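In what follows, structures are represented as structure tokens.
Both complexes below contain chain A, partnered by chain B and then by chain C.
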Partner chain A sequence: MLTLYRPGTGWLHRAPAGPKALALLVIVLAVSLMPSTWLAAAVGAGVAVACYLVPRIGLAELGRQIVAVRWIIVVTFGFQVIFLPLESATANTVRVVAAIVIAALLVLTTRVGDLLDAFELGLGGFRRFGLDPARVALVLAVAITTVPVLARIAVGVRESQRARGARAGIRSFVIPFLVVSLKHADDLGDALTARGVA
Partner chain B sequence: MTASLVFDDVSVRLGDRLALDSVSLVLDRQRTAVIGANGSGKSTFARVLGGLVAPSGGSVSVFGVDPVRQASAVRRLVGFVFSNPDAQIIMPTVAEDAAFSLRSERLPRAESAERVRLALAEFGLTELADRAAHDLSGGQKQLLALVGAVIRRPQLLIADEPTAFLDARNSRLIADHLLAPTDRSLVLVTHDLDLAQRCDVAVLFEDGRMIGHGDPADIVARYESSLSC
Partner chain C sequence: MTDQVTTPRPAPAGIRSRIDATDIARIAVFAALTAVLGLPGGFAVFGSVPITAQTLGVMLAGAVLGAWRGALAMLVFLALVALGLPLLAGGHGGLAVFVGPTAGYLLGWVVGAFVVGAIVHAGGRRLTWLRTSVGVLVGGILIVYAVGVPVSALVLRLPLGPTALGSAVFLPGDLIKAAITVVVTMTLVRAYPRALRARPSVRA
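This part shows the complex of A and B:
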């Protein structure tokens, strides 16, 4: 489930979403721009650990976040170690992972509603160019919420196929998946309209 | 408060099919059940009432408001609950989803939070406020959908087969919430004839036509006799 928010009362949870996003962005940029050295890798890892320890999010949560990106670690390190020295491959992988887990702190400690408010505020200046920040924020929220629904639809389609003895195949999966997903999109559109959005 | 919902010779054409055929009806009772077979026009009737489908002909009035020409006004008057609870969840957590319905009202943050708190308490969802909405049970999701509809304090609540996906216990729970005495009117589209008989008036549809309305016991008996033919 893409609900990453973990309820809490620490200072990072209480911090306003906009400034918190900016501060985390600065830290992520700083980690990302470090050189590809053993020292930089150690500093990147240290910063990530500090970011979870200082606001008392905890190392267990950091561990969960690292496990969640394990395939990114495998792919990033696996490809780089073929073409680059071990030091560069390790430092680059640590920087990427540190940047991801630090950025994750934003959604771990901020409710989606507050994030959307901050997002709307941040995009306010683009109204003059015809952009509707509320609509963009809504699209983001719906996208986040729809991922688990699509996953459930995919499981349902596969189970229906198995129950009817159909052989697994891309085409036999994609067409019913798209049909059910589009029906869901239709229903979601009606629900949004009914809740005063459209 | 009594409903004042007026259908005047309303037809709806969906593709080459007449989903509603010259329906004329005035509803002034608080709780209205809409019954009939699948494809009879019940849901189309509800969607026209809620401004989700525009009639091809005729006119509709919801408390004096035209759902087509005054769409935003009718949104403020009407709350809608659909049968599939999954398709009604917009935000990731229970409290956020409840609060989502209030975003368009631009309420002060404290007032919005208080309305969410009260609504979740009313429907027994307080303990689940921070839970992932999509991880709830079907009954809890439908309760959340109900919260999303009533938190805006609509004058009319339309529920389109709200118990279709639920087990007996959750169906009863949702029905009790829907039929509880309140100031708002209810239009309940349902296949549950026991539920229909708990309403103040019932409307019967067949092949897109409204073929009867009146006392729920009489209308249900008429519908049941048509099933046994």
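This part shows the complex of A and C:
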């Protein structure tokens, strides 16, 4: 399945997923807690640029990330400038966008599989509360493989409706889609049971 | 995975003791369903105004799976998003969406699905139109906004009033989705009764 990962060989790509996630979270938190001033906006923008330049991800990628959230920028700024002074509106928008593009670095430079492993490792601490990390990882892995299956089911349902000349509406689509998906879930449950998952 | 069979089950305090293979499959399928409902090629409801059907998945997960499993399905969906799968409507994903202005709504989906399930399946009785409607409206809309708006206000550093006003644009779409969820759930009771199997061990 398509992911947000961009292949690369830089040190940020090679860094272990867990510490990388923690480090990026700290930076994002620091940026998020800055005051709503011109100076803070400049610092936030500078940190975001540095986060893309220092690991040599490049400003082109930063540009792509900003374009991807263009509607958040338009809505956030447009809405803020009605209620707040220009300085606060600008600083708030810059801060939110900086936090978003810095956080995006994690999935840009880490494979889903590596993140899943780090996630399972991190969940180990919750074992004493009755949480089984292996079981959580199993659910996530099953869910990841189910997305394309359901996407195929959705296309199939829509095509068979079109073949019968039915009008494409959300309600007439959802019921058959849901029934076929639930049947798939029951088959999946049987398959898991057959493989020894209680 | 084979060691699961003999793993001693923790005290009833843990919800895990009630999560069997069928539940794992259903939780995974509803997480995937929420993802598929957000894929491009959305549905035209009023002429050509596109609305994302993703919150439909939130309401359906609670109404069909019940409180705990519905909330778990949402947690699994959000975990997939956090792991970098572009599953949110518009192809968004990654840790970034959890620091943006809409992060609260994502959290609200988990709480909302729980509340939908708790009300719709209250007392483990047969589903009624009234209880399903109330559950979907309270859990799927009221709770989601109650968590989403304050977080949005916090991230944007805006007063609560204007933020709530701004998010009201999505209210008509959510009301349509709530109506669809109620009709779909009540139809499902007849079309696929196994979907809402009564389980004596399920608390809420």
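Just so we're on the same page, the second predicted complex is superposed on the first by the 131 of 198 C-alpha atoms of A that agree within 3 Å, B and C clash if a C-alpha of one lies under 4 Å from a C-alpha of the other, contacts with A are read in each partner's own complex, and residues count from 1 in each chain.
What we mean here is this: a contact is a pair of C-beta atoms (placed from the backbone, for glycine too) under 8 Å apart; a residue touches a chain by one contact, two chains touch by 3 or more.
What you see is a predicted model; the values in this text were computed from it and never measured.
By the touch criterion defined above, A:I175 lies against chain C but remains apart from chain B after alignment on the C-alpha atoms of chain A. By the document's definition of touching, neither partner reaches A:G63: not chain B, not chain C. Set against each other, chain B and chain C differ in how many residues of chain A they touch, and the higher count belongs to C.
Within the superposed three-chain model, A:P7 lies in touch with chain B and out of touch with chain C [touch as defined at top].
Within the superposed three-chain model, A:H184 lies in touch with chain B and with chain C [touch as defined at top]. Of the two partner chains placed by superposition, chain B and chain C are both touched by A:R195. Shared-chain residue A:V112: touches chain B and chain C both.
Comparing the two interfaces of chain A, the one with chain B and the one with chain C have residues 1-3, 5, 112, 134, 142, 144, 149, 184, 188, 190, 192-193, 195-197 in common. Against chain C, the residues of chain A that register as touching in their complex are 1-5, 21, 24-25, 28, 32, 36, 68-69, 71-72, 76, 79-80, 82-84, 88, 92, 96, 99-101, 103-104, 106-108, 110, 112, 115-116, 119, 129-132, 134-135, 138-140, 142-144, 146-147, 149-151, 154, 168-171, 173-175, 178-179, 181-186, 188-190, 192-193, 195-198. For chain C in complex with chain A, the touching residues are 1-2, 4-5, 7, 10-11, 13-14, 16-17, 19-29, 31-33, 35-36, 39, 43-45, 53, 56, 60, 64, 72, 76-77, 79-80, 83-87, 90-101, 155-159, 162, 166, 180, 183-184, 187-188, 191-192, 194-195.
Remark: chain B residues 47, 50-52, 72, 75-76, 78-80, 82, 84, 86-93, 95-96, 99-101, 103-105, 130, 132-135, 148-149, 152 touch chain A in the complex.
Listed in rising order, the residues of chain A touching chain B in the complex are 1-3, 5, 7, 111-113, 134, 141-142, 144-145, 148-149, 152, 184, 187-188, 190-197.
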